[in-house]
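In the part that follows, the structures are each spelled out as structure tokens.
The two complexes that follow have chain A in common; it is paired with chain B in the first and with chain C in the second.
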Partner chain A sequence: MTERAGGVAVQTAHAGSGGGEGNRRRLTPPPRLRRPLAFVAALVIALAVMAVLFAVLGADPVKALRAMATGAFGTPYALNQTLQVASVLTMVAIAALIPFRAGVMNVGGEGQLAAGATAATVVVFTVGGGGGGLGVVLLAVAAAMIGAAVWAGLTGVLRAALGANEVIVGLMLNFLGALLAEWVIAGPWADTLAPQTRAFDEGTDLPQIPLLGGEFATALLVALAVSGLAWVLLDRSRFGFAVRVLGGNADAGLRAGISMRRMTVAVMLVGGAAAGLAASVQVFTVNHALIQNPAQGYGYTGIAVALLAGLRPRLVPLAAVLFAALTVGANSLPAVTGVSTSASLIVQGVFVICLIATGAITVRSRGAS
Partner chain B sequence: MSQAALVTILSTGVLLAVPVLWAALGELIVEKSGTLNLGVEGVMLIGAATAALVVKAGAGFAAAALVSLPVGALCGAVLAYLYVSRRTDQIVTGILFNLVALGLTTTLFARYLNGVGEVSTAPRYAVPLLSRIPVVGPSLFTQTPLFYLSVAAAVLVLLAVHGTWFGLGLLSAGEQPRAAETAGIDVIRVRWKALLAGNALAGLGGACIVLTQSGAFLPNITNGQGYIALAVVVLGRFKPAYIVLGAVFFGIANAFQFQLQSLPFAQGYPRQLWLALPYIATIVAVTLSRSARYPAAVGRPYVPATRRG
Partner chain C sequence: MTGGATPLVTMRGISKSFGNLRANRDVDLTLYRGEVHSLLGENGAGKSTLMNILFGMYRPDTGRIEVDGTPVSFGSPRDALARGIGMVHQHFMLVPDFTVAENVALGGERRHRLGLRRTRVTAEVAELAERFGMHLDVRTPVRLLSVEQQQQVEILKLLYRGADLLILDEPTAVLGPVEIERLFVTLRRLCDAGRGVVIITHKLTEVLSVADRITVLRQGAVAATARSGELDRAGLALAMLGRELPALPARRPHPDAEPPTVLEVEGLSLPAGRSTKPLHDVRLRVSAGEIVGITGVEGNGQTELMRALSGLVTPSSGTVRLRGRDVTGISPRQLRAHGVGIVTDDRLRWDAVTEMSLEENLALVDVPAGRFSRFGLLRGGRMRVWARRLLDDHDVSPPDPQARMGALSGGNQQKVVIARELAHGPDLLLASHPVRGLDAGAADFVFRRIVELRDRGSGILLNSADLDELWAVADRVVVLNGGRVALEGRTEDLTIDQVAEAMTGGDVPSAVGRD
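And now, the complex of A and B:
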């Protein structure tokens, strides 16, 4: 495994159009329309795949899609839930996005969420005795960020110092994160009934800003702040410049003075901290306990969201709302159509794959090693 | 460790190695041709669900194993279209494919397989004479046919890669695709074939989980075994014989969690530690085997010279 210089290159289709791809003879729409058209086409294909699946499973596709729309946006409660999931997905997507831009493939969001949720829970039970006020909660949030950053940093260090493949290490740490949570759940704070820890004491919450009758506005604001911060960090700072150099998107002559190894660890630590923030939102506004498999697949959905946004932080919240709507909307599928909620994963995956296959989103990782 | 405990661990370890071994052999073919296929995890999952559906429909173990091959190849066709023909990023595409596979198989599970319960698993056959050797006999020579076949497949893969024109095309497409094309080899076609064959084997590997271990399909039943197969290929230094050993090593690391009652020393540690063992072993393995060299062109989509206008 050699140290390679390449990295993730992200560009929009129109930025790269006119290149010598050799399909000039084909009738192609004008560059400015290509990207939106690709998006619409990808969404139509994804929905068509799902409609076919519904039909095969014996469910009425129209009824199913309507159930999903109502489940995601139909009531204030549904809308509130969609925004909450979108907040978590925004932060997990940023956790994947920052390293991706540097050509470091962070596919370990799932494990980072689990490690963060576990760290927050340990603080609540050891420092707060199972609950507490704002002080305990903020300490737990900090612990979640550190815990998730450590989990991510482990991948970064193994990559930078020993040349280990960050994709395989990250994926393995996803399984280990879930086991870490399971181990803590089985410990002294176990709930007597469910496979989770005891619920935190009443009032162990993030500061609440009411919106739509829920407490998720805080999460929303935090998520928007995270994506804004990521934008500033990547596009307006020295750190962001180093990220572009590492990702191979800057002049090679400017590499001098930037340590590739240190930056590899740094982008993973920053990404991990964002995942930890996502984990604490999930713990304090949704679960109020440590549940089994605390990441619930959001780590992988977060990668899809980051890609859907073309690895641009400003677009992440929008992409997150779309995938949150698909995730939350799917919750009403079993009752209405008898189809599993997991069907939403198919739409999400097919949608992003179509975008990549049509070239609407271009991602280039460093490949193997 | 008593001899009985040793035999239990070894024989369970070999049983658990079979799915990873099939998948790793498939992945070896794919990587030799120059493609990194993270989708192997999802293909295994689809293979496992296929086997469970075929068994539920009333067919036998052999039929279930056989059906998983073309289904795996079909997944390979989808992946080949994306990786090779559309030249998408292989890591990202693989991860997304696995997301789709998880959604698809879990949906199928909820509709058709939930509550089916465990059916019996494929029987083991004792090899005459050899199975009577102490320790080795019950561990290696009292296994399901799928294990004996996987070892035979390792030999066949070795011969095919290093002794046929197809193998030569495979190696050149994975090492020097430009030179291969100049020599008249259709790199795109070779990589397509490798992905069809390799993912057929991965599908069979997934089927083995249901047919020889669990007896039933559960959501995300592969639990990272496809990713472990990727690590086994590197750990095995891209050589079929070492890959067999590597797969058995991971099988044994995996076996402890099922034998805690019979291992007094194991009970002093939390159960999760034994569950974590294969994943920790994988991290150690990929960290230590960094000197293993991937085929030079792995992970890089190939643009044929004829299309470069």
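And now, the complex of A and C:
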């Protein structure tokens, strides 16, 4: 009690002691409802801010918001797109979530996506000669998972062995990941016109499921499976038990005989594999080639999704759909209102800020370790 | 004393509820200048709530408060401070890198709108410290101070702001016996200077030695009020608990004349760390069926010794043998496999994961060792059945395996930790301050468990700063001073004075008590 931080602590009295906070108590809802209500508040505030923003940019706010809604859910094509983005976001969010639960900040999703996409592409061109059937695709998916896991594992090893800060290492590896993709793009498989590799041969696809228009359904099912597996892994397995102990109290973990080092690497490997799966889904359902900056910011959005889901895997798909809708919906802004698509980024940013401001997502950082 | 004068503070009919919990019911309390008023009660009896109301942190649902005969209504601690009421919380609120004087001046600097007048403030603070018997260099950064000195800084902060009434929440929980004496001297001087003092506590000995007036709370209501001397120990315990505590079972001699040695430590040394003390050539022995107490002034190596034995730090030299087997430097998990139970001195840091459920906390060490799982998947059903039994056996409230550890009171959390560490009937229990911060009922329960374990033939090493506690249960005591064994002997052969001497004495009587 007296040892931590040299025996001195600056603390607010009785913060969060569960006993309520005096007079303010009557104004605050019961704890169970606090987060959902904060979430609704954040959504309303974000919509209001967006409406103002659109008005300032000279567009009719109502029209713009309606355009976003239609763009995200209005047509089968829009719905497909939203669900596809949501699928990728779900897996990337799981990639962030599993290490987060162990107290390891995986912010390297971008780099892991890039490494995964690159690995998948290399397999398609080297093993399949630019395309191939299910065998080549599955091999490429496996390669993507391994590649991304190695990329994430690097961060884990550096933190475990040298005590390097995983946030800084992860961010640096994001740049390296994008450069790795560029390097492969510039290689023998370069496309003659666009800054990307040649497109894969026709038919180099994920297995099709005849639902909602084909391959996106596969992506969706894979994503749901990933979030389900993550739930089992965290809540029902011995591995997850160790993850939660470390995330809750690393010292107690040491005391219980859990190796912080080994687990740091393990959670990064598992998270990286999920990011690799996301990368391969993106490659085979959308790009059919290795494109420049293959992560497209999904690595960062995934973190927001994981936090919005309260680090609970079962809520990740819902949070992912929301963010996907914001992204996809914003794409139809230029056509309808003349507002640029970069408004999409603003919209997402506003939403995240509102989520944090209302307390719908909370970011805890543990002390230096 | 000043019984006939206008009371400093009167609280009448104070009630406060949190949801369904009635923390205070119709409480009356009268505080006088020049008196130490002891607010006694078990954990959860409503002591802190009542004082937080007086300090303006909570508003009472009903009731009124008067200060010097004037009705007041505090919306915040700032209001309370303005009326001369200050509180020292259990968790100190100090800025580690600021000096004592800066910490004291912080927040009180309204008096110097043109900026801190450093030299004058420093002199004022030094003078205050001197006057109330605190030995403090006010230019020292707070992070370099002992816990006792940090507490003094907290008291100085209030005095500097001109507080007439000082409320101290469990001030002795972090102090050793000598430090407690010094604190009481300071409190007495405060009273002599016309201040009023409230100490919140659940320790009967302290109440009897320091209080002029006592209010006992039980389940949120006043169970007794008395002047010093009107109630004895038994009377206070009865008022506090609503029942009498039966005496602990007497020591039973081990059936063997020469009981086997469970733990043998030879020449254990550890260099000093950044915030840890060194150990020098520590030697001790625990036999089967024996409770050996480790004691000393806080910061003389007890913590480090227990950590080294628990496998949390590796000693630089020396050997630790468990039933004759060398276990020096092995991990806590391996120690458990060898039959060692560990209760550390910092539950929230080492023993509990507050975000996890009770069943998960009970299985904290077992699951990583492979129990309660098959093919890597947890067997939740088995874990729950096992947890339910332990929770019932140890009278944990609530006995719900899925309750969050963090939602429990400190006493109940400690019961969970004890339940886990005793679950496999360890050969050796390493327990550090196992009842620190627990109320009398919970402490009694924990000691009963430890005594039961001893009677079943286990060895127990009990690190405690509370000599009454050690004399109640320990067969032998080992006193550490400066990381060395300063005294060792059977409790029945030693007097408390001898122990106090060994704890504080500079020279180590090396010949005494060694074997």
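Assume the second predicted complex is superposed on the first by the 314 of 369 C-alpha atoms of A that agree within 3 Å, B and C clash if a C-alpha of one lies under 4 Å from a C-alpha of the other, contacts with A are read in each partner's own complex, and residues count from 1 in each chain.
Just so it is clear, a residue touches a chain if its C-beta (ideal position, glycine included) is under 8 Å from a C-beta of that chain, and two chains touch if they have at least 3 such contacts.
Worth saying up front: this structure is predicted, and the values here are computed from it rather than measured.
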Contacts of A:Ala186 with chain B and chain C, given as first, second, both or neither: first
Chain B versus chain C, judged by how many residues of chain A each one touches: B
First (chain B), second (chain C), both or neither touched by A:His288: neither
Which of chain B and chain C A:Arg101 touches, first, second, both or neither: neither
Contacts of A:Arg34 with chain B and chain C, given as first, second, both or neither: neither
Contacts of A:Gly257 with chain B and chain C, given as first, second, both or neither: second
Partner chain(s) touched by A:Arg312 [first = chain B, second = chain C, both, neither]: neither
Overlap of the chain B and chain C footprints on chain A, listed as residue numbers: 1, 20, 22
Touch list for chain B against partner chain A, complex: 31, 36, 38, 82, 86, 88-93, 95-100, 102-104, 106-107, 109-111, 219, 223-224, 227, 230-231, 234, 270-273, 275-276, 279-280, 282-283, 286-287, 290-294, 298-300, 307-309
Parts of chain C lying in touch with chain A, wherever the complex brings them together: 18-19, 23, 49, 52, 57-59, 75, 89, 91-96, 142-143, 145-147, 150, 174, 275, 298, 303, 310, 312, 331-334, 336, 342, 344-346, 348-356, 360, 363-365, 367-370, 373, 376-378, 380, 406-407, 436
Footprint of chain B on chain A - complex, ascending: 1, 20, 22, 53, 57, 105, 107, 158, 162-165, 167-169, 171-176, 179-180, 182-183, 186, 297, 300-301, 303-304, 307, 334, 338-340, 342-346, 348-350, 352-353, 356-357, 363-369
Parts of chain A lying in touch with chain C, wherever the complex brings them together: 1-14, 18-20, 22-23, 25, 232, 236-242, 244-245, 247-249, 251-252, 254-258
